[in-house]
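A, B and C label the chains in the order they appear, each numbered from 1.
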Amino acid sequence: MLLQAEHVTHYFGGLCAVSDFNLNLEHGELVAIIGPNGAGKTTIFNLITGVYHATQGSIRLGDVELVGKTSNEITALGIARTFQNIRLFKELSVIDNVRIAQYGQMKYGTWEAMFHLGGYQTEENRSIENAMNLLEVFKLDSVADESSKNLPYGMQRRLEIARALATHPKVLLLDEPAAGMNPSEIGQLMDFIRWIRKEFDLTIILIEHQMRLVMGICERINVLDFGATIATGVPKEIQNNPRVLEAYLGEGAEV
Amino acid sequence: MSTAEVLLSVQDLDISYGNIKAVKGISFDVHEGEIVTLIGANGAGKSSTLRGISGMVPYHGKISYRGKDLHKTAADKIVAMGVAQVPEGRGIFGNLTVLENLKLATWQRKDKVEIARDFERVFTIFPRLKERLKQLGGTLSGGEQQMLAVSRALMSRGSLMLLDEPSMGLAPVLVREIFHVLREINQAGTTVLLVEQNANMALRVANRGYVLETGTIALSGTASELLGNPRIKEAYLGG
Amino acid sequence: MATIPLEGTTWRTRWKARWDGLMAKRWMLPVLLVVGFALSFAIPQFNLVNQYVQLILIYIGINVILTTSLNLVNGYMGEFSVGHAGFMSVGAYISAILTTQLLPKALLPYLFPLEVLAGGLVAALVGLVVALPSFKTRGDYLAIVTLAFLMIVKSVFENIEAVGGPRGIPGIDKLTTLPWTFFWTILAIWVIRNFVYSRFGRGVLSIREDEIASDLMSVNTRQVKLQAFVISSFFAGVAGALFAHVLQFISPRVFDIIKSTDILIMVYLGGIGSIAGSIIGGTIYTVLLEILRPLGMWRMVLMPLLLVILMIYRPRGIMGLREFRWFVPLHDLIGTKLWRRKKEASDAPAS
């Protein structure tokens, strides 16, 4: 078991945002969380990555308990994510966006940084090299020196994934990766997600409303409504589940 | 093609960000009463075009609304002239409640009765928002914020509505609802310029469409022509 | 370059080309440093300029240290500290006590660098104590905490009779020389610039852009914030020590909110997030204050007015978020180009 969430419950004030959420993720799996708007999907990502601390329950990566750890510790342990509304470091260059994500892997300390001594130079050179190699994979190397805010939307989405991968994650959480993409781009995205899963040896959880993508690439689906799981299963089961049809897909949906 | 009055005219529009050219000399018209959609891949320049029209980014070229040149017009004046919009990044006021966000959209309207009816209409479309009236905008989920942004544009009742991907981040059942509403408000007299990735849905509600590719107009025509075009089918409708 | 051509840019483009040419000559920076250092000895030795100008040169150095160090917190990190005068006063008092009460007079000129160092270290320690609770929350909190700190420090010094209470410490030896000022100014600029162009410095920048995203990208935001604040406080203390030994008299009133405001103005005038901006801001402000001295009271009307005008036309300051290429480490400047060239070289034989 790579990632395991058990009985995770979270309250905002008196409002129950997630109730008794469970998830078991094996190495290499690709799982989707779907559900109506406001069902608590992003909250689950925030709980896994330490942005919020679960009120109850346990989330473990391997044997390590994640609840109570800070976000940067969790990222260093191997969980990276993207955001629904892109959250790049806008004023900074494309390459710096990626290099910031290398923070946890770079080894030199404060004194070496202040006086540019010791491992500083070799590590910085390697950081640029690695960042450019990664950007090349995502076809972003030609815009490495641009401010990330100047990139068109699709490139910003790609950069967010590249930045997440720069932290060397085992588990990648994608929050609506297909938002703002047209059907043919979604087709390419599906290939792309399959490819990075293989290439970077990833286990992926994704939140998505584009059913073609969810049904096309995910092995298992977890449907949330009002913070609770209302259905789990393989795509075929979910498509025909009456509760899911009613709460989420709509009557007579073509998926 | 509609013979009605030209409401919005865009000529030789150029927009750049830093060294990146987003829009390269595009021209198109939107006539009174139409739904016109801009479709195309990411980075084709659709959103930039909308931002240019609403006065949010500097541009070269000519944009006129009801015959008036918008080049020197400030963004707030453009809104006051009747151009409503769902701004970039949803533009929710995070520290105001849902109700306050909605009320702000109606601040320049005087028709109290109509406003009340619009509130009802918005709540029928998005019952979720009614449940969250007292909640702060910033604490809504992403999809709920999108509902709020679209509702706000609906409430401001402009004569031209600029919509930048209204379906983004919404559950499938709501996506269909939104397009249904779009057609309704259009029939009630609002002209719509719609940027949408969901080209399939967009072309089904639109009268005409323009296909943008890397900052230029590659193709234009009536919605049904575009829907039937095999090239469009392959490139934007997902086969 | 695909930038939009603006009308009437001929002189502008010409100057830009000339400027770029100058900035490309990186060897000039060390040469200038050596020349500057030599001059800092020569000027007082041979009285190349009069005493008054020498004094102003020292103040420019001190103000540049203050500006650069505050810029680290307020510009690069995007927090808002108003306590810089407080850290300055800690450095000033520590070093002044060492000079007037503890150290043997005869050795003072030789021990001066250690006094300055001590002033900086104690200020850094105080900075750590202030930062620990303030960075647990975000937003305007730091402004309030540092404001409170400023008032506390002032009343502490006012109430300790051993350091003169409200009367302060008079008769401090004039130990701050032009060479020492030059040395500490260059050290401050160099260390802060080094820090900014390191993994921690990039962390500082990412906190300004989006702190939550920064944390999620593995940046230890808490640690990075502490580092930046402590380094900033250290150099405020250094500047305070230099300041005490040129003014030769310090009292709690010297380090009040007005002093902090002066430093803030220099930061925002020169430009946030820029070493070059800090140098320009500190220099221009110091010089302007002196040039406008004949105006008397009107100076305090004119200066804020200038600032308002600047904020309207250049809201990020003269050099906001931009940098002289001389100050950017070579690998940051041309790393991507080198990578592309290497790539082309390795691709060429393959195809």
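Just so it is clear, contacts are C-beta pairs under 8 Å (C-beta built on N, C-alpha and C of every residue); 3 or more make two chains touch, one makes a residue touch a chain.
Keep in mind it's a predicted model, so treat the numbers as computed, not measured.
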item	value
Core chain by centroid distance, with centroids computed from Cα atoms only	A
Taking each chain's C-alpha mean as its centre, the one farthest from chain A	C
Gap in Å, rounded to a whole number, between the CA centres of chain C and chain B	47
Euclidean distance of C-alpha centroids - chain A vs chain B, Å	29
Mean-CA-position distance for chain C and chain A (Å)	39
Two or more partner chains touched - positions in chain B	18-20
Chain A-touching residues of chain B, taken from the complex the two chains share	17-20, 22, 39-43, 47, 89-90, 128, 132, 139-144, 146-147, 165, 168-176, 197-200, 234-239
For the chain A and chain B complex, residues of the former touching the latter	12, 35-43, 84-85, 143, 146-147, 149-155, 157, 176, 179-187, 209, 211-212, 248-250, 253, 255
Residue numbers on chain A that touch chain C, as the complex places them	49, 51, 70-72, 75-76, 80-81, 83, 87-92, 95-96, 99-106, 108, 110, 112-116, 120-121, 123-125, 127-129, 132, 136, 141, 144-145, 163-164, 166-167
In the complex, chain C residues that touch chain A	191, 194-195, 198-203, 205-206, 209-210, 212-222, 227, 231, 321, 329, 331-332, 335-336, 339-340, 343
